[in-house]
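For reference, chains read A, B, C and D in written order, and residue numbers begin at 1 within each chain.
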Amino acid sequence: MNELIAKAKYLLSSKTVDVVIGYGKGSGKYARAEFIRKLDDADKMIYNETCIQNLATYVQKHEVKHLGKIAIVANNYTLRSLLVLASEFQFTEGQVLALYITPENKIVEMPDFKSIEDHLATVDTGLKPDEKEIVDRIEKMTVAERWDFWQKEFAKCFKCFACRSSCPLCYCTKCMTESNQPQWIPVAASDLGNMEWHIMRAMHLAGRCVNCGDCARACPMDIPLNLLTYNLIEGIEKDFGAKAGMKATDISTLSTFKPDDKENFIK
Amino acid sequence: MKLGFYPGCSLKGGSPEYRISTFNVAEKFGVELVEIPDWNCCGATAAHNMDKELSLSLPGRILALAEAAGLNEIVVPCAACYSRLTVTNHELAEDTQLRENISTIIGMKYEGNVKILNIIQFLDKYVLPHVEEKVVKKFNHDVACYYGCLLVRPHNILKFDREENPQTMDNVITKIGGNPIDWAFKTECCGAGLSVSRTDLVGKLSGKLMIDALDRGAEAIIVACPMCHSNLDMRRSAINKYMNRESEIPVIYITQAVGLAIGLSEKEVGFQYHMVKVKLKEKPITENLVVKKVVQTEPTEEK
Amino acid sequence: MAEFEPKIVAFVCNWCTYAGADLTGTSRIKYAANVKIIRFPCTGRIDFMLLLKAFANGADGIIVSGCHPNDCHYTYGNFHARRRWMIFRKLIDFAGIDINRISFNWVSAAEGARWAEVVNTTVETVRKLGPYENYKQVALSIYDQEDKTHE
Amino acid sequence: MSKIGVFVCHCGENISATVDCEKVAETISKLPGVALSMDYKYMCSDPGQTIIKEAIKEHNLDGVVVAACSPRMHEPTFRKACAEGGLNQYLCEMANIREHCSWVHPRENSTTEKAIDIVRTMVEKVKRNAPLESIKVPVTKKAMVIGGGVAGIQAALDIANAGHKVVMIERDPSIGGHMSQLSETFPTLDCSQCILTPRMVEVAQHPNITLISYAEVESLEGFIGNFKVKVRKKSKSLDEKLCTGCGLCTTKCPNKKIPNEFERGLGFRPAIYVPFPQAVPNKPVIDKKNCTYYTKGKCRICEKVCPTGAIRFDQPDEIVDIEVGAIVLCTGFDVKKPDFFPEYGYGKYKDVIDGLQFERLASASGPTQGVIRRPSDGEIPKKVVFIACAGSRDPAKGIEYCSKICCMYTAKHAMLYKHKVHEGTPYVFYMDIRAGGKMYEEFVRRAIVEDETQYIRGRVSTVYEKNGKLIVKGVDTLMNGRLVEIEADLVVLATAGVANDGAEDLAQKLHVSYDSYKFFAEAHPKLKPVETNTAGIFLAGACQAPKDIPESVAAASGAAVKVCGLFANNELTREPLIAIVNREAPPLYSNCVGCFMCQTVCPYQAIEREEVKDRSGKVIKTLAYINPGLCQGCGTCVALCRSKSIDLLGYTNDQVYTEVMALLND
């Protein structure tokens, strides 16, 4: 996609940014991330249906931050992730230039939060019908069935933590699962440890997850991890009218409250 | 619209006018009243003083029958029946163990799905909303609304109106263009319990409240309870004896008043059954009378 | 076989429910001995992981209790906790964990009798539900692991 | 290997009756890390404490668990003992085997088993306790008194006379409270204003007291010794410096027919007004709701007539920040509103009034200059019926408590009436006469014997009007339930004393707890009657429960002493049970990733941003920092923190996690 390449070259040569994060041909079925710092590297960049990874993941990585100002090829999920990261003070306005690519393959530069927020306000950020459908299907199961369903899934997990690495919002320098005093979660892969790990992770993403689905795509064992957070996203929107990554100034659902939050289970 | 109907002994016996007027009014407002099949005595006055289980079983059976007949809302015009049925409904809802006992006694299940309406709640829900357009002849009289003892007590169970200075009946009267006077004996005892044994006491108790009503210029006493009615109407001689003056003030059921207002004939509301003949003199409708509202001093928090 | 005695852990805040439970004691109101209390300064302090850990360690039921809304000693702690539980409850339910085994309550320092009632009802509910077998099974897995590693 | 000492208390029979203490001690002694485990009859007794102190030295223990009553009861006792024994007091924990075990379970193995579990759990916790040092925070030696009734006045004067600065906040235009409305006071019958007004003036003139009237508390921040109070000074539409209080404006105001709150609606006042002649401060305010200029946009007569040009129509409300070290709450009480008694026709009949209204009728400075005239027609009533317990002690009315002051003031009213209307007859309907107090019973006797008050023991069912008379229907239970009917000219209801409106709101602003009747709750009903459970905030007077003047004043002085005690030190020590953000070696510096989600959950705004800089001063990392002065240790941030970078001393993740483990692994 020449337009994009040209844009990247321009941004680099004009020193507008120090690195452009885009997509390059991957070995698997998805394109992989390319970090373009030299002009001629820009030719590696591609943009097609295989380019679905949420590149925001790299924005707050120590190594990347060091490179300087960043331009990043973005879809709606990327943009929302960026706003969540911004609301959590992981980068400041102007540090990241989002290159949003429209469905018509037009490139829109989004240098500031305002432009991102305005854009997101116009697009449908809800769960897709198929996503909803599968969440509902699991919800319809009995508790026992759900338990079996997830135990089967969790049993596959061998704690490679690809889900964590792929998630733009899992940026703790020391993950809770690595803290060993106490050892909240057993280190080795085990039915218990796996379940605890995935529930913990989902809980940590509650009110933050933007349902990009990268965790599930990253999982080598194809565990549908995203469903855990999808289910929460619905609930949070219903109970608190909140949706993550729509404003850079948002306060995350779990770090605020309303005196009249409605629940029916606390006796 | 179909509602259950529990006449109880009075409406089948001593107070046909109450039944007739209720039915005719209901009909005018498109409500069909279905008598609960095979109903029995509610056990008022006697049973609950002697045997708790009996006092709950009798109404329990009535409620169970209504539920079985799919009548989820029943109208109970007699204040005493209303009291018994509501208390039973309450107690059975409170205590599942008790409910089981009772259902074994009466040999049928009761799930507690029957809602009980006293006559005023009935009027309030099904008549008042459309009454204004149906009124053909404003009930333009100064009347004393007499609630008696059972209609509003005990509050914590009935949850209806206020024990002290109730207002609901006054509202009905106002709605049909009447003028409920503010008087002091709305919920005093008329002596019904002693109606047969100590007629003299009935004379005294009913007399007291009659005096206040007369002094305050009531043209009629409005009631919603057959006992009150029979006392004030039937025991008039004893009452007059106590007051030692001849009073002709009629005693009218709230349903009869409504009936007249919406154009039912005196026969259709059953005035022919009264002891004290009902002679209400026409009065020129002065606006202020019609729009006159009841003095309301609603408690901020009614516990 | 003797009747199943559920193990129940209660996570309570120091200012309302712990004090309430003290009052139950001072008023000598008897309740089931199945429940053991862990004291926290505030419901806001209670980490959702602790609930999972309780199950993992063989708890059959859990009580979480703190100050009534607006009465939190720290003003807002219980409000934050409430949100946390709303979300957590939905999540674990979705993950197939039996939320009927967790009873959330507000018990004030004045509600000694209520605490006894909360305990007893929870014990009864959990007793009906029986031992939390499938969680216990899963929990065992980690011990297998450890054994392996020790070999 | 840790050396824990475990001390199991029998508490006389209280624990040992149902728990086998020996067995507990014995079982626990087998636990790893337990150096000593013993049981004793009374751990909290002197010998008991001595045992602990000695054991600490002898076995040089590095942790102590006292298995006894609730830590809310004796934790301080035993921590002190440990400190004296040379062990850091925070290495001592209590296992609650009394309130949570021996008292609530029968004597069975299961009970002893539970006790063992509880103790084991605390042993495991103590192993992970760290020695902590108490925090020292400075004290602002300035107090705020909220409410200028007799209690507030007393508290303010006591504190001020002890040499500390005081700020008094009063909601109304004048201080004085309900006491300034009273005619005479029981049991001495001395004139209320004669004894109160001098003290009001004293408050106004005291060099240590700043009086802010017509103001309300907006919000409260900070903590004991360091409160910051936002106060809204409601606009008086007046420049107080210029105003001389000549009162010309109030006489010239054309709008004079406004029901006078001070006279309880029995008299009228102008729109610009001074509540009552002896008001302090004695300067008028404009009642904006009724002022013709504010409502209709013209008039401004007061402005024209004011000789000093002090009127300021455009004066806005002013918000001031006041820093104080302690707060005394004296917001007083109110009486039940008229519509609460439909059966007594209160609010319906003019001549059914409440006690405070009668006070005004009887007061020499009242609307009738002290002549008892009934409101309807100004006639002097021949028969007055006083109804005690109007609302009080009446579950059906939702007020189950006794309002306490009514018996006495009703007797007083009867007396005052009889003294003023010799030929009249006072009747009193009562449930019981509660005249506990110095000279109180004698006082009531006098009302009955000397002043021939007709006391009728029974309730009044209804009051209704008939031919200009109020018919009071009641029952005389001492005449085996005979019905009584009195044709009265005036009926006075001793209406229940209730919490002031806005009490709940204020309590929430100040984080003090309150009971189901919205009265403020003391920290302990017997031993901490003037403290709230928010350190540094104290209570006095009827905001706590209905109180008479002597009690209110006594409580006020009590609260004042507490404040002075607090101010006796330049700094106060606080429990170090606070949250901290962890620190790591560079390049990590901390596990905190600076998402600052904790910042919004903190109820005390205690979480700040800390920048880690390199030598050149370049910011490497921004971390959360928790201000130890502000943190109250609720731990909400700890539970929220994803990276577990925040921990709560005394309730660390390690400790609570271990507790869960230990409690279940048996």
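Assorted remarks:
As a convention for this text, a contact is a pair of C-beta atoms (placed from the backbone, for glycine too) under 8 Å apart; a residue touches a chain by one contact, two chains touch by 3 or more.
Nothing here was measured: the structure is a model prediction, and the numbers come from that model.
The chain with its Cα centroid farthest from the Cα centroid of subunit A is B. The greater number of contacting C-beta pairs, out of the two interfaces B-D and A-C, is seen for A-C. Separation between the centroids of subunit A and subunit D, computed from CA atoms only, is 50 Å. Subunit C and subunit D have Cα centroids separated by 33 Å.
Each of the following residues of subunit C touches two or more other chains: 48, 53, 70, 76, 80, 84.
Among all residues of subunit D, those that touch two or more other chains are 601, 640, 653, 657. Every pair of chains that touch is listed here: A-C, A-D, B-D, C-D. The part of subunit A that touches subunit D in the complex is made up of residues 88-90, 171-176, 179, 181-182, 184, 204, 251-252, 254-256.
Listed in rising order, the residues of subunit C touching subunit A in the complex are 48-49, 52-53, 56, 69-70, 76, 79-80, 82-99, 103-106, 118, 134, 138-139, 141-142, 144-145, 149. Here subunit D touches subunit B in the complex through residues 337-340, 342-343, 347-348, 395-398, 462, 464, 466, 471, going by the rule given at the top.
Residues 5, 7, 9, 14-15, 18-19, 21-22, 24-26, 28-31, 33, 36-42, 44-48, 50, 53-54, 57-59, 70-71, 73-77, 80-81, 84, 110, 116 of subunit C touch subunit D in their complex.
Those residues of subunit A that touch subunit C in the shared complex are 138-139, 143-151, 176, 184, 186, 188, 190-193, 195-196, 198-200, 202-203, 206-207, 227-228, 231-232, 235-236, 239-240, 253-259, 261, 263, 265-267.
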